[in-house]
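Each of the next two complexes has subunit A plus one more chain, namely subunit B in the first and subunit C in the second.
== the complex of A and B ==
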């Protein structure tokens, strides 16, 4: 290992860049949240007034509720399904490489393109891809407004989010699982352990720290990053059912130019996200033991 | 890892840091300050590449006549313009000129970011009467003029001639005719109890006033009073307008809720597939439908049906000068040229509708069977509220419009809620 001081010198350039381009703007954002911020001219300091407005804003709490529900579905979805597919693809099955590639393609595709394609697929009119398939096969009598109804729009977006993010968590889990020595699996097989036991007692405990990190990152993504497909596909509608913290913050910060209020929304949610991430990492991460 | 000892790692790190700092310093201090004899005017726009090429050719002519002014065009996607512009203004690096969505102008004017141009106009002998009143009104905030309308557009009625013929209806010119036509055009073709063809489509989108405004004005109403001190959207005219629109969906069932149609492929996809017979849109619908292989020979346009009065909504762009510009005089010269008949007629060849009446009345525009309809509709087209808080107002209108069309809120209830929330902003 390197000595502390030497280590520090090596990461210093990165730290400087991180400070200038990430930490600095983030702190400046907090400063903005304390002002009635204007792009031109004086911005009056108003203390925590913006935060008071956040607490009393029913639209914010609607967005907050939607975001939490969204996160509660997509986080387990992405982690559990990611684990499942990663485990399947460590087994020696035919065309393993092709499957790995297929599951990873959505991750590489841009959100904007994916969103537009899903709008075609889930169009609420009869000519929408899914509707026309369901209708011609007689499953439905009337077209389902997938993105146009308050009861199905969020479900559709959850499905999209899990589908697009699945390949990413799968890949990380796959990499972690491949670090487990093959001999352990082989001796387990000789001892008569089936796939579930191999998964439960070998794979899972070995990659627990990876699961913790992936869960924390996926949580951050769902809580703060749930923006692009929402903004492109539903813009928070219908009837506010897909408004998330991120889309609501964007509306105020960029569309309405209430910069101080937009910043306050972010800094109101930030401690909650940090707390969740902290709990997750503490409770999930254990040293891998063989 | 093998332990590294001594000064080697420290030296490597130090060299990297010093190199980075030196490079930045060299860039900042060693770039020689250019003595400018030629004023370079930076113009940000949202033209398509095709439109930009035409603008470039026209501006080359301007540069040839004005050798001391150089115009650089920078294309920015509409979706990124707002964030990019806000960042630039905050950094004191706004462009000299910007081709700006008309609904943004009062917001940036109120902020103090835009240059007041009345004196320039007076000196050049340019009058507000030279322009169509709808587009020009978008440049005015508190009796000051902050830009000139560069190009404009409006929404007209678009219909499928084959479907109208099949149903035996003529092109509607009034609300009553429109409703009757929509009823005749709404059909359950295979008798399964589900509508296969709709009379009218209300396109989904964030733009509440863009959809609802024309109906509101046709009924004789408006969003705000003329002093812009109070919302009047919930008066009797407002009620008639929203009732008419909601009844199309809820009572007569000749149109779907906009959220069902969705943003994309939306009304265009339906019209291309013959699932809807009539819709409202601006001139860009043509390119979209062509891209969807729609039967273009069956698609025609007409003026919007009239309510108490004729009306449509003004779209398009204003040209504005930023107060941060270092060459306001040169920027004005460019602006004067771009709002001249020469430039406007040149751009009309690539589908930019002139804002200058003299250019709009030119036979090449007014006499065109397609553009002529838009020019005619422009005479009754009105601007959405020219107010710095327009974006927020529009969101309010959009939200309650959706709720009313879904039947979640009653017509008067939705309008009263809009008025109350808008009044809070004023």
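== the complex of A and C ==
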């Protein structure tokens, strides 16, 4: 009995921290969403009024729509390109390790750094790197205000998101693909299977569970975690075209200190996100059986 | 044979285009950081600085307390690194190798924690940081960061430890070693690759996290590197890309430096830890 208790000490600090900063707040946040919560003074209980406000708030639905569109582009982008480069790197070529490291560098850099660098590269003036290349090669006649225009700002952010996340999904797919015995590929090659067939009938089915997990994680990140580059590069603008659930919640919940309303936004959105992730894992793992 | 040469050439071509896309932005960042202000606005832009200067690297410390931002981040990222490695290896060891009641409950609890987004935790933790008196302190950053970062490293450590042969600890146990001694003397030294991998991503987390750092700190002296970096872009220097890129390059060196130092231990399977970053 004593032994069982001392074993528990190994895990106790983790459980304490976890209880105080994750589990407790996650539950208590719901309570906050039911109040007109104030840091100082009385916080009157108002039932589900905050949720009613969320449902009737056109700006919230704009952010919701933007987030869904963003996710619909970046999820396949990150997963398919990650698969593509992982498959290329299973080829026996020189410098495989170096390519792998280089593709991983954006993952290892902080969002704040890459967001600022992309702002500079996509600067709206003629001397911005992208504009000057496009202008010199005659693709565009006028410099494009990439982040300053409602029609291109979201596109720029999508590109950044895929660029930054590509190496991460690639590395995980690569690890899964390398667990497939080389001999299977060799015998398929002898049977005359081209690269598409090898990819479609060997690589893809054997790493399908990994694809399901990566897709679910990428989805969670895109739906709930789309914050830092948006906050730095556009602050949700221009004209709300890059407002996401995360930036909108931060603006109202933290910056304007509408704590109850901010909490209600998250609790309103979370079940929807969990449902999407659940459906994805279900359908992708069914696909895995082929 | 010829077909094979062509396809190999194609693979290389695609991979090299990828390399340009991946490294180009970093080249541009570093290149710009050595240009005088006048050269940044030139058309066509100069790929290599014509009049390279180190002035930007001294100026960034004068216009904002960048040294203070870096110091704060070194304190915070260093603390969560040590805390995460210590706690996740202890917990991972217990989950993988020791008799423990309620393992399943703990496992699912951590899994739920892993899936709890920061967005959900920001507001209640902000309120709590006032009650605990850790608002605008280093502890206000360090303790939640360790807690939020822990689930994945714990899973990684547990799976790493459970793959080790039981004979390792049986021998030690016969010699009368305590569980802690087995953890400390046998398991921990063997788990270097996983520790290095967890260290890389935890370090990045400390240098990367923005939302909570913006929320829980309120004075310039307490700002971390990512928050401080955004201040360059928000203030009167927002068009001075030579200065902004110089500050960004300094942070880049700190982050990628640790990865390059630990690269030979790096385990690709541990990359899953990167989702928090």
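Methods note: the second predicted complex is superposed on the first by the 264 of 290 C-alpha atoms of A that agree within 3 Å, B and C clash if a C-alpha of one lies under 4 Å from a C-alpha of the other, contacts with A are read in each partner's own complex, and residues count from 1 in each chain.
Quick note on the criterion: a contact is a pair of C-beta atoms (placed from the backbone, for glycine too) under 8 Å apart; a residue touches a chain by one contact, two chains touch by 3 or more.
On a predicted model such as this, the values are computed, not experimentally measured, just so you know.
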- prompt: Putting subunit B and subunit C onto subunit A via the overlay, clash or fit?
  reply: clash
- prompt: Given the superposition on chain A, which partner contacts more residues in subunit A: subunit B or subunit C?
  reply: C
- request: Mind working out whether A:14 is in touch with subunit B, subunit C, both or neither, as first, second, both or neither?
  value: second
Message: In the overlaid three-chain picture, which partner chain does A:254 touch, first (subunit B) or second (subunit C), both, or neither?
response: both
- request: Answer with first, second, both or neither: which of subunit B and subunit C does A:29 touch in the superposed model?
  value: second
Message: Going by the contact rule set out at the top, does A:145 touch subunit B (first), subunit C (second), both, or neither?
response: first
Query: What is the contact status of A:119 with respect to subunit B (first) and subunit C (second): first, second, both, or neither?
result: both
Touching partner for A:190 - first (subunit B), second (subunit C), both, neither: neither
Task: Give one of first, second, both or neither to describe whether A:39 is in contact with subunit B, with subunit C, with both, or with none.
output: both
- line: The only stretch of subunit B that collides with subunit C once the two complexes are overlaid, out of 23-31, 59-67 or 77-85, is 77-85
- line: Check: subunit A residues flagged as touching subunit B and also subunit C 6, 10, 13, 39, 116, 119-120, 123, 125-127, 232, 254
Query: What residues of subunit C sit close enough to touch subunit A in their complex?
result: 7-8, 11-12, 14-15, 18-19, 21-23, 25-26, 28-29, 32, 40-45, 87-88, 90-91, 93-95, 98-101, 106, 109-110, 112-113, 115-128, 130, 143-144, 146-148, 150-151, 154, 179-180, 183, 200, 204, 207-208, 210-211, 214-215, 225-227, 229-230, 232-233, 241, 244-245, 248, 251-252, 255-256, 259, 263, 268-269, 271-272, 274-275, 277
- request: Spell out the residues on subunit A that touch subunit B in their complex, using ranges where they run on.
  value: 1-2, 6, 9-10, 12-13, 16, 38-41, 116, 119-120, 123-127, 141-143, 145, 147-149, 232-233, 235, 237-240, 251, 254-258
- request: Note which residues of subunit B are touching subunit A in the complex, please.
  value: 1, 3-4, 9-10, 12-14, 16-17, 20, 82-83, 86, 89-90, 107, 111-113, 192-194, 196, 204-206, 256-257, 259-265, 269-270, 273, 275, 323, 389, 391-392, 395, 399, 402-403, 406, 408
- request: Could you pull out which subunit A residues touch subunit C in their complex?
  value: 3-4, 6-8, 10-11, 13-15, 17-18, 20-26, 28-29, 32, 37, 39, 85, 88-89, 91, 93, 99-114, 116-121, 123, 125-127, 129, 132, 136, 163, 167-168, 171-172, 174-175, 195, 217, 220-221, 224-225, 227-228, 231-232, 245-246, 249-250, 253-254, 259, 262-263, 266-267, 270, 274
